[in-house]
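Questions regarding the structure given below will be posed in turn.
Per-chain numbering from 1; labels A, B, C and D assigned in written order.
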């Protein structure tokens, strides 16, 4: 099915008025995709309790969004909710699960551990500082752990993103990530840039030097190449 | 429709079942165009029924589950989330269809179709109303038991071809379970067949004009009904017998490696199977589309007769469906050996004894409301 | 000297071919790290013969964040927030273990009010943890509804924490030298309301799940752990108590104000999954008993005896302290060299780490479904194993 | 004290503590468990400390008796160069895994351990992270 859709614009655009057809089909497709987000519960740590269990519980009730159908098989899930710290041992497994998911797939990084390493940022020898070094992330939900309300805001942000986007996407091309608890339009790059500017301006610490020219990113890349299962 | 009060004997029964296939056959003799029209109507009706039934049942299941669990269930898509399953179905259709690299490709593709086909074939013989039935086979009960066995082929193939150990374990469990419980389900059906004296489902419904077999046959009817419900809940892999896809044990069981449309086939087949089982229970034990009647208490009977037969059928089937959903959200899962023990050591002996008793009862005409 | 190092590949040997035409072939299956039973990310390598489990090889470490290394760079106050993130379902009790060890080492005497509030909070959290465990056990055994009921009550208790502490899961509340915040004026009334609400709810749990024939069939006489074996395998908490060893730190070496409260240590007789289930069910009632005794007489006093922000120096030596969390004995070993605030070496004895290995002794010979029941009855928290 | 020659009281521990020479450990462990007066049947915890300045590892065994309800902290020392210690897994089975943890993170080698392999880290991990001289490029120090 996905194959046909990928070729759809090429066929339709030749006809006058074809784009109307594509846009209206797009609207329907996006409506269905945004309203039927089945999570792959990828909980490793405390966030799993809040993100994947408490949100499904009667007080918060994830089922209102139609997202209570938590699939344990990545093949059937729509978005991977990464809840908790990802360490080097887990990173190749997580990447593999992501690759096993069927398109369209989305990734939500919940909790500061998943976003940046959080409380384990410093002096930890195993932590992956941000899951976006391993898988592309669509929505970030900050918090330690985030409240279920924050999760819902993240879910609704994801829905909004799906509705605004086109359903026909180039493989491998991803949107800029959106921070769930921040106003629209501010991206991680903005925040990282701002943090870098602030830190450099204060001359408290040279981030690049302290981080060894982002050496851990390179480390993770090498680690992943070494450990990722290749059929 | 004639008044029920005027029935005098089963011979001049007011309900005459005309099936879709009968009409098509009639038309074929006369007008070719009309017969084609009938066939197209039949096909569209089946497709619509399957899709509609699946969507409605999944929605109802999620709502029932939600309300049993002190929450709401889908609320966001449409009023009270009524379009939730529509969105789900659309999404599943548009999702990438993955075939694992080492999977047995042809079998992997065929398996969900097989599961679905078995389900759809079962829908053909169910008498939905006094004048709505796709085809009235004179060996209806035999056909049902034969075709329901096809579904297990789909599950077995799906699990085998996925090249996944969990899938295989799930498939093996499913095969063992479904084949075992089919024996008990069939034994329970046979009790009714003995009383009704026919294998045709329409005929069985008509034989219940004086009273439903569940209570018309003394005790054996109830026992057979309970055995049938238990065994068929196991046959369709619902909790407490959902070991083939037990989430906490086997990740997702036999359909672990299925995605998109093919997964939705398995998903849909499970729910429609549930309806088929409920419909069969309603047909065989609860009088099908027959209204509720109490012996010769005519005022009551005539009021009941005002309700259209299809509503009666739907109401009974829904009741059984609800009960099966209720099981799911109440019971823990059985272990695999406990499951087998329940079948071979408890249900099967009871089933045999029950069948023997039913034979005695039928031989001597020992049933209530033996008819005017 | 015969030290031979091994790798996982040495342990997971390729299956041998069947000995005869009738013999069945064994095979290995990975359960986890991403598996619903893992409750996080634990990998169990199973050697199976059909449905029967022949061997379980747990492979932890999928959430190993190196907390012990991090602690060597942090002061005691900063370490408190790392203890939250080990056994997050007993976060307050973990906080307490660290706070208690630091206080005893540094010679800080806390007042009665602090101890009473700590005890109350710990018992509330034990209740919350057991409620959650009950729900998860139901889900693991295939009954999804108890899971949601369990979480319903978890939220009710969680509201007390939210009101007092401001956090829902990682509390960071019990600090060396006192409490992060004082309790609010309506605390006692609120706790009493919740206690009154929970008591009939636990009876409701019994009617909903405990009496179910299928549940009892799934739990009774499954995974029997004898008292000797339980102690030898280092099990603590409800696991060892279910085997009949009355080892409960709250009674054996009372800390906080447990010495004043009246409660019973719940012990099992058989040591099977059902006993572990019953022990936890009864512990909920005992926790309620403690709460009801203490809630009416919280003494007055400051909530912090150390000036906030003051440096806490731990004298040189090895300091060991332990508390009874919802899962068992949580021990803290602080090794200090007397220089600076950060400990020289920090080690945590986590109950889940020690309870986990009971699986390897219990599961062989049972079916896959029993393995699920056994693991669920041990009530493991994976980040607590991995640290 | 009488049970193991060469043992001495370990100071600066907040519990009863004894330091024994590493050679005496293998013989002492069964006595500690089986002696009717001691009956230390529960090994609560086992870990190692890297005293890099002294060039030795100190191993700690926290013992508890569920029969008598008393504690003992047993310590022993080995050199950093050749950290080989006899295993006590035969006496307290839980030591099996606690020793694996100490091996994984500290690099202490246990003589006679049947299954000595990494516990938390991958099998191909280099170094033992809890050693004081452990260096890892992917570690990030706290900003000053």
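The working rule: a contact is a pair of C-beta atoms (placed from the backbone, for glycine too) under 8 Å apart; a residue touches a chain by one contact, two chains touch by 3 or more.
Since the structure is predicted, the reported quantities are computational estimates derived from the model, not experimental observations.
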For chain C and chain D, chains touching each: A
Pair joined by the larger number of C-beta contacts - B-C, A-C: A-C
Central chain (by mean CA position): C
Centroid spacing, where centroids are CA-atom means, of chain B and chain C in whole angstrom: 46
Whole-Å gap separating chain A and chain C, where each centre is the average of the chain's CA atoms: 31
Euclidean distance of C-alpha centroids - chain B vs chain D, Å: 63
Inter-chain centre distance, chain A versus chain B - centres from mean C-alpha coordinates, in Å: 41
Where chain A touches two or more other chains at once, by residue number: 57-58, 72, 89, 122-126
Two or more partner chains touched - positions in chain D: 120-122, 129, 134, 141-142
Overlap residues in chain B, where contacts from two or more other chains coincide: 69-71, 247, 251
Complete list of chain pairs which touch one another: A-B, A-C, A-D, B-C, C-D
Residues of chain C defined as touching chain D within the complex: 1-11, 60-61, 64, 66, 68-69, 73, 104-105, 228, 231-234, 236, 245, 247, 252, 315-322, 329, 331, 333, 335, 344-345, 347, 349, 353-354, 356-357, 361, 386
Residue numbers on chain A that touch chain C, as the complex places them: 41-46, 48-50, 53-54, 56-59, 72, 84-85, 87, 89-90, 93, 97, 119-120, 122-127, 144-145, 147
Touching residues (chain side chain A, partner chain B) in the complex: 1-2, 5, 28-29, 31-33, 35-36, 57-58, 61, 63-66, 68-69, 71-73, 75-76, 78, 100, 102-104, 167, 231
Chain B residues within the chain A interface of the complex: 62, 66, 69-77, 81, 83-84, 86-98, 101-102, 247, 251-252, 255-261, 263
Touch list for chain B against partner chain C, complex: 65, 68-71, 165-166, 169, 173, 239-240, 242-243, 246-251, 329-338
